[in-house]
Amino acid sequence: MENFEDLGFSKVDYGREKRQGFPEVIYGEGKTIEQIEPIMEKLIEKHGKVMVTRLDKEKGESLVSTFPLAHYDYTARILLYGKPENYYGGEVMVVCAGTSDLFVAEEAAITAEWMGCKVKRLYDVGVAGIDRLLAFREEITNADVLIVIAGMEGALPSVIGGLVQRPVIAVPTSVGYGAHLQGITPLLAMLSSCSSGMSVVNIDNGFGAAYQAALILKLVSEGVNHEIVIS
Amino acid sequence: MENFEDLGFSKVDYGREKRQGFPEVIYGEGKTIEQIEPIMEKLIEKHGKVMVTRLDKEKGESLVSTFPLAHYDYTARILLYGKPENYYGGEVMVVCAGTSDLFVAEEAAITAEWMGCKVKRLYDVGVAGIDRLLAFREEITNADVLIVIAGMEGALPSVIGGLVQRPVIAVPTSVGYGAHLQGITPLLAMLSSCSSGMSVVNIDNGFGAAYQAALILKLVSEGVNHEIVIS
Amino acid sequence: MENFEDLGFSKVDYGREKRQGFPEVIYGEGKTIEQIEPIMEKLIEKHGKVMVTRLDKEKGESLVSTFPLAHYDYTARILLYGKPENYYGGEVMVVCAGTSDLFVAEEAAITAEWMGCKVKRLYDVGVAGIDRLLAFREEITNADVLIVIAGMEGALPSVIGGLVQRPVIAVPTSVGYGAHLQGITPLLAMLSSCSSGMSVVNIDNGFGAAYQAALILKLVSEGVNHEIVIS
Amino acid sequence: MENFEDLGFSKVDYGREKRQGFPEVIYGEGKTIEQIEPIMEKLIEKHGKVMVTRLDKEKGESLVSTFPLAHYDYTARILLYGKPENYYGGEVMVVCAGTSDLFVAEEAAITAEWMGCKVKRLYDVGVAGIDRLLAFREEITNADVLIVIAGMEGALPSVIGGLVQRPVIAVPTSVGYGAHLQGITPLLAMLSSCSSGMSVVNIDNGFGAAYQAALILKLVSEGVNHEIVIS
Amino acid sequence: MENFEDLGFSKVDYGREKRQGFPEVIYGEGKTIEQIEPIMEKLIEKHGKVMVTRLDKEKGESLVSTFPLAHYDYTARILLYGKPENYYGGEVMVVCAGTSDLFVAEEAAITAEWMGCKVKRLYDVGVAGIDRLLAFREEITNADVLIVIAGMEGALPSVIGGLVQRPVIAVPTSVGYGAHLQGITPLLAMLSSCSSGMSVVNIDNGFGAAYQAALILKLVSEGVNHEIVIS
Amino acid sequence: MENFEDLGFSKVDYGREKRQGFPEVIYGEGKTIEQIEPIMEKLIEKHGKVMVTRLDKEKGESLVSTFPLAHYDYTARILLYGKPENYYGGEVMVVCAGTSDLFVAEEAAITAEWMGCKVKRLYDVGVAGIDRLLAFREEITNADVLIVIAGMEGALPSVIGGLVQRPVIAVPTSVGYGAHLQGITPLLAMLSSCSSGMSVVNIDNGFGAAYQAALILKLVSEGVNHEIVIS
Amino acid sequence: MENFEDLGFSKVDYGREKRQGFPEVIYGEGKTIEQIEPIMEKLIEKHGKVMVTRLDKEKGESLVSTFPLAHYDYTARILLYGKPENYYGGEVMVVCAGTSDLFVAEEAAITAEWMGCKVKRLYDVGVAGIDRLLAFREEITNADVLIVIAGMEGALPSVIGGLVQRPVIAVPTSVGYGAHLQGITPLLAMLSSCSSGMSVVNIDNGFGAAYQAALILKLVSEGVNHEIVIS
Amino acid sequence: MENFEDLGFSKVDYGREKRQGFPEVIYGEGKTIEQIEPIMEKLIEKHGKVMVTRLDKEKGESLVSTFPLAHYDYTARILLYGKPENYYGGEVMVVCAGTSDLFVAEEAAITAEWMGCKVKRLYDVGVAGIDRLLAFREEITNADVLIVIAGMEGALPSVIGGLVQRPVIAVPTSVGYGAHLQGITPLLAMLSSCSSGMSVVNIDNGFGAAYQAALILKLVSEGVNHEIVIS
């Protein structure tokens, strides 16, 4: 039973790095400081690094005082400890539609960087001002993987999806009101997109999008297992 | 009680032309041929013209055999009898995102024409191929009122709304599947749009959009009641 | 790249006035004072005026202390700086169903005025007391564009829509409880209205309704691009 | 166990007349002819009369051939056998908004008549033509109980509820499309009504509304159990 | 224009008593003290009495200090001023399923009393302990009108509806969690009830149920307009 | 890899009997005759028996012609082949609210019998006629496990749950209309029940309820693994 | 009327122990201290024990100061007074997917213990680390009844349901965000599970799951009423 | 305007191959044969190949008779014409939970093959029989990109997501009933997954998942634009 350690209220998953390529990340929401601290200790002991997401300011600052080598990012609400073991070639472009979406965009950008990816940020290029977006058309088509973040009606990934030949991961945000339904509307809109080659993660889930983007660049770095076939 | 005629199952609204500027239009869905015929007769008698919307093929052809001067449009599922009394200056542009949205686009276009408006059609310019759309940027910015129709994620009105300084009426369609929820998704998306100056009508309601567009051009033709104020 | 200025977290859209007829308006919700201030500065520098919507009292007062020429409206939660460049003929009538809808009605009225329109207010004329509404029938039919605001079941726009030959823009509000679903019910009801010539904007979106109303009066003032056609 | 008879697949409820004032009514939907016939026989034997609701044309005609004294109404989809035992004073007014709502209106009207009530029908007086409705204001205020039926946005009961001092039972219908959600929208709208004194039944449930209206007139006829109190 | 008084933000509806049988009631939610006070003054001046519903404790106590003759009920969150003008025969029974539903039950009971009805309270008789309910079977069948209030699954009105021959007005409450959806579940359940003769009002709307109950007893007291017919 | 057999489009799960106590059951919906036949053959070969659920009439009769020893039940839409290997003590009582719920009740009853349980049926005892239900109170309290099935508002399990000290498994059905939402309403209502000791399965899932009931009686027959503890 | 005691606002149900096998449990949410205290007193007087669920910290500590023999559990938010009268053989295993689900898991565990069951806890074994779960496969298959708790996508019960031949009661939790819809998503997912033998309780309803688990072990202890039948 | 050809009802997008890496694919649903044929002709003329998705049997066979070199797949409902221009290294594994999900799995597999990818199929390995799934653990961890398809509760992608370090694209299907909501439930469940590195496409959208998988393998084949950075 070497793959995890049983703390009773938690079973720390040491096997995740081997199975999934990256060590366990702690989802901070709904956990107390008393629960997070021992899990952090175990993961630092095992992997020399750890990331905690969805951590409010109060908990973040408390943990920094316990782990002085950790860094807390206020916008992304992420606690970081340690550095990437591997760096991957390629670039993840994080695009967001509006200034209010920054907290999700930074969660994505910081996660991808922490997992070893180069990140390029392109913020506040929503479709209501299409010229702003098209001014960056070259940068957009040069990106290797794109994370496209939008609240409101969530139209931005559809437009970008139609401009590129690289995978687009769309992230709806909870920014909006009324018919926006706390993000359900852009979520459903992105899933119904007329653009091909796009997939979607949960509302405000910048972390999840970055995780998949990193897996893609990791695959590029490591190469595929199977040769080209010509049927 | 000169403003309507009581047929028992229906009260034909003769006053609508005076009150609303256009005679009553018959909503065909859920009405039998036996109900539509006498209402048509009364309206033709009174106004010399009538339009029936949401009419299936079978009913449409049956009514044409009774009213040989009527014309039935198979795509728009509309029956027309007579011509506009007034013609309005300006142009309504009807834009749609995909070929599958044609039945709504034609409902809008035919309604607007029948109400006395010039109509320009621009079809199949969805946001996944933004260059197709931008190829018509000049025509789009020249339109006086725009009806923008889209199924799937309903992103097209947001992009067009950001390009023009004229009123945009957005129409979501029932074209899509799964997370599209029979049009609820583009409906909510359009209502959550980041573009200003846009309003929305019911799913597949090309008629309603055209009606409002015609009211706008009618207002332009007739002029406003109130002078410019400088506060 | 003269059409916008890149502040990193925001790309200020200088081109909007040319494209859309009015300069960019700042949506205050979800933005910090630190983000709003530089955007305001840039827009004032460029256009000599700016409006910020959805601004809570605390932020509003803070910004007024920074921009002493600005005015903050507590009911509408809007910050205004500067005056309209153009004034348009015609009158926007803002009608609301109940006293509790005032915050939306004032958002609409102040926006329309700031965009150069004459506004007439008619408040607390909900359909449960139809005589109150009909007492103003002449004023209502004389309006050039109508913004009709209602919470609860959202019936008011349907009644008014049947009385006038001018465009009606309906605004559902979040005023109600239970089956009202924070405004989803009047939103869906207005979209399902039996009145023709009506379109709908998002819940509590007085700003959006006013914006479209102003575009309509602007079109009247400037005239249409296309002549009358008689087919 | 004299209160019901056990047919295995059904327990015919003989006690309902004593408990509830009217004998059991058969809900036809989802029952086979083989199930309905023996239940009808038992109820006719016991009470000399029976009503079957929600019966499609094919089953209706089949049952009429078995029970030649029965009458099948094609609009209301109701089978009637026998006559009321008691007649109640007062008048139930059945009002509906549009011609397409007739199938619900007739279900209500026929049920109320069969339960011993005088019924007055007022059809096609939707709020988009408020003058048509107000032309009947005197008849409406004279009714003793009102059943008000509407599809689309379901606004009619709110307007009528504000005109009368008698109980209004609102019935939403499945007539509409898109945002109307098969009647959920007018249902929620009626429940959120700003008019007092209104209650609501299920979508298309003309039967249920008539049943409650009849209970009210029955109470009037029989008088209350408790004297007036002055506290 | 004697039927209402225009305060600008509010049009006080003096005609409501004549039209609807009871003077206007003030819905307190979303109104400020500054708005409620002048409306109260006008209504007291005109009718000598007024009721304000949905009033939180703070506003309630503030208004009592301004209107010392008023009484504020903490459970029902209602402010009362004055007494009924008329008293009606018959008894409204207010039944509720659980102790947590009391705030709705008292809103109903106090409203009905204030409108001139005798009220009997039967609380905490939910269907999970059917013997508690049946212990009061005689009282229940003796009631003239029943208001039945339940949260959770909302089953109580169905059981009571099957026991009586008097009108049952069902009120779902917001008491519950999870799948209860803040009262939407019992609301939909009550609308889908297998019991006949039941109608439903909005979630937590004790006021609305009492209002309709009072209209029914008022009708009994005043008698119907139309004679018995035997067709 | 002895635990299943790979047919390509299907992996027949031979290990299920050992793991779960009963062999695999075939869910017929969405499978073609060409897919069901080979799976049936494999399961009969391995276990000497098989059950196919959710099988329409046409497929059922076709399979009976292929497997003459099989029996197809038209009400439950189940195909049976073979007999139980084990019989368990105790009795499953299947209770349903209305005659229209029979198709679900029989799915439950036949499944439980086929799994080796004694079944007692009690049909058409909905809460609108509580006396019919209470006439069987002794039988109900004597049952060892209860499956309680209801459409409409789904109130029956709450009432029965309050009468017994045995596990109640509630099954909502798709019988109803309008606010019933194809069974979502009774589903949510049962989950929100005020009765303790109740759990719920999917809409119309008589099979699943019977499966769990059989597991409970199997546990009784086999006895528990752990002794009584007194802490 | 010996089966309950009428406190006016509450009818304490003394008959519940006889009818349902366990005395009444107090649902603390929405009840005031002033309401809970007398109910507790009555139940302690009658049964010598009582449990209060869904009690916040403040109320819990207040009640402990009034009833010093009571114990308040901060994680489960439960107040306990007294001990089980009977102990049952067998073991309830409480499994949860993540550390954030602990508050529900402990509600279940403490309830089951208080009702006389032996409980085994297995926490933080969500399906994303399937090896952690399978490391406990033997313990899982040895359990007599399983309560399986999960938030997020709620997949854990499906996996465990496929591993055991004992009843599985699934509990969705409100732990998650966005598309998780406060627990509606895992609730619906568990109801749609492909595993047989599973039933579901309301979101966060650890109490309800434990109650049914205890009823099952009670049935095992007491034995069934009906003999084995071989048809 | 060389990038598209305007057929009036359709603008054939020749630029898509350059922009997005693959030529336009025709979405067959809602298009008539008369619309599909000329678009096919244009695309074959330009690219020598074309794919039409969501094509029913009748249209499929009709098009094959017009284009004899085309092949129609009955399970996937896809029409293929021509072969891939490029073949990519790596392997897409298409995994599905049940036999009823085959129509989606084949849409994915055929699309990926047609876009030049090697595909490995692993069907009917749903989580209720976890041993069947784990028997293929090595194959699963060896895949380069995984498309994981499931109806019902949609748990399979979460389990697989926890086993691999390669991108997982999850596809919910419309296979299920009741609480499954035509696929909305597994869609929401997959979006709420506790596994990292997963993204989701629309219900039944095997095509979209395959498209993104092909873009990932294309990126691997072509290599990234940006070098490794070590910050």
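Chains: A, B, C, D, E, F, G and H, in written order; residue numbering restarts at 1 for each.
Note that in this section contacts are C-beta pairs under 8 Å (C-beta built on N, C-alpha and C of every residue); 3 or more make two chains touch, one makes a residue touch a chain.
Bear in mind the structure is a predicted one, so any value in this text is a computation, not a measurement.
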Completion exercise
Neighbour overlap between chain D and chain E returns C, F
Problem - chain C and chain B - chains in contact with each - result: A, D
Problem - Repeat of the D-E interface, chosen from C-E, B-C or E-G (over half of contact pairs identical by residue number) - result: B-C
Practice task
By the contact definition above, name the pair with the higher C-beta contact count: C-E or C-D.
Solution key: C-D
Handout entry: Inter-centroid spacing, chain F versus chain E (mean Cα positions, whole Å)
Key = 43
Exercise for the section: Please compute the C-alpha centroid of chain A, do the same for chain H, then give the distance between them in whole Å. Expected result: 24
Practice task
Take the average of all CA coordinates in chain D, do the same for chain F, and state the distance between these two points in whole angstrom.
Solution key: 36
Problem - Centroid distance [mean C-alpha coordinates] between chain F and chain C, Å - result: 57
Handout entry: For chain C, residues contacting two or more additional chains
Key = 19, 98, 129, 162-163, 178-180, 184, 187, 191-192, 196, 202
Completion exercise
Pairwise, the chains that touch are A-B, A-C, A-G, A-H, B-C, B-D, B-H, C-D, C-E, D-E, D-F, E-F, E-G, F-G, F-H, G-H
Handout entry: Residues of chain D touching chain E in the complex
Key = 19-22, 25, 87-91, 113, 118, 141-145, 162-167, 169, 187, 191-192, 196-202, 207-209, 211-212, 215-221, 223-231
Problem - Interface residues, chain H side, partner chain F - complex - result: 98-100, 102, 123-125, 129, 131-132, 135, 175, 177-180
Handout entry: Interface residues, chain E side, partner chain C - complex
Key = 1, 3-4, 8-11, 13, 15-16, 19, 27, 29-31, 35, 172, 174, 182-184, 187, 202-205
Handout entry: Contacting residues of chain C [partner chain D, same complex]
Key = 97-98, 126-130, 134, 152-155, 158-159, 161-163, 176, 178-181, 184-196
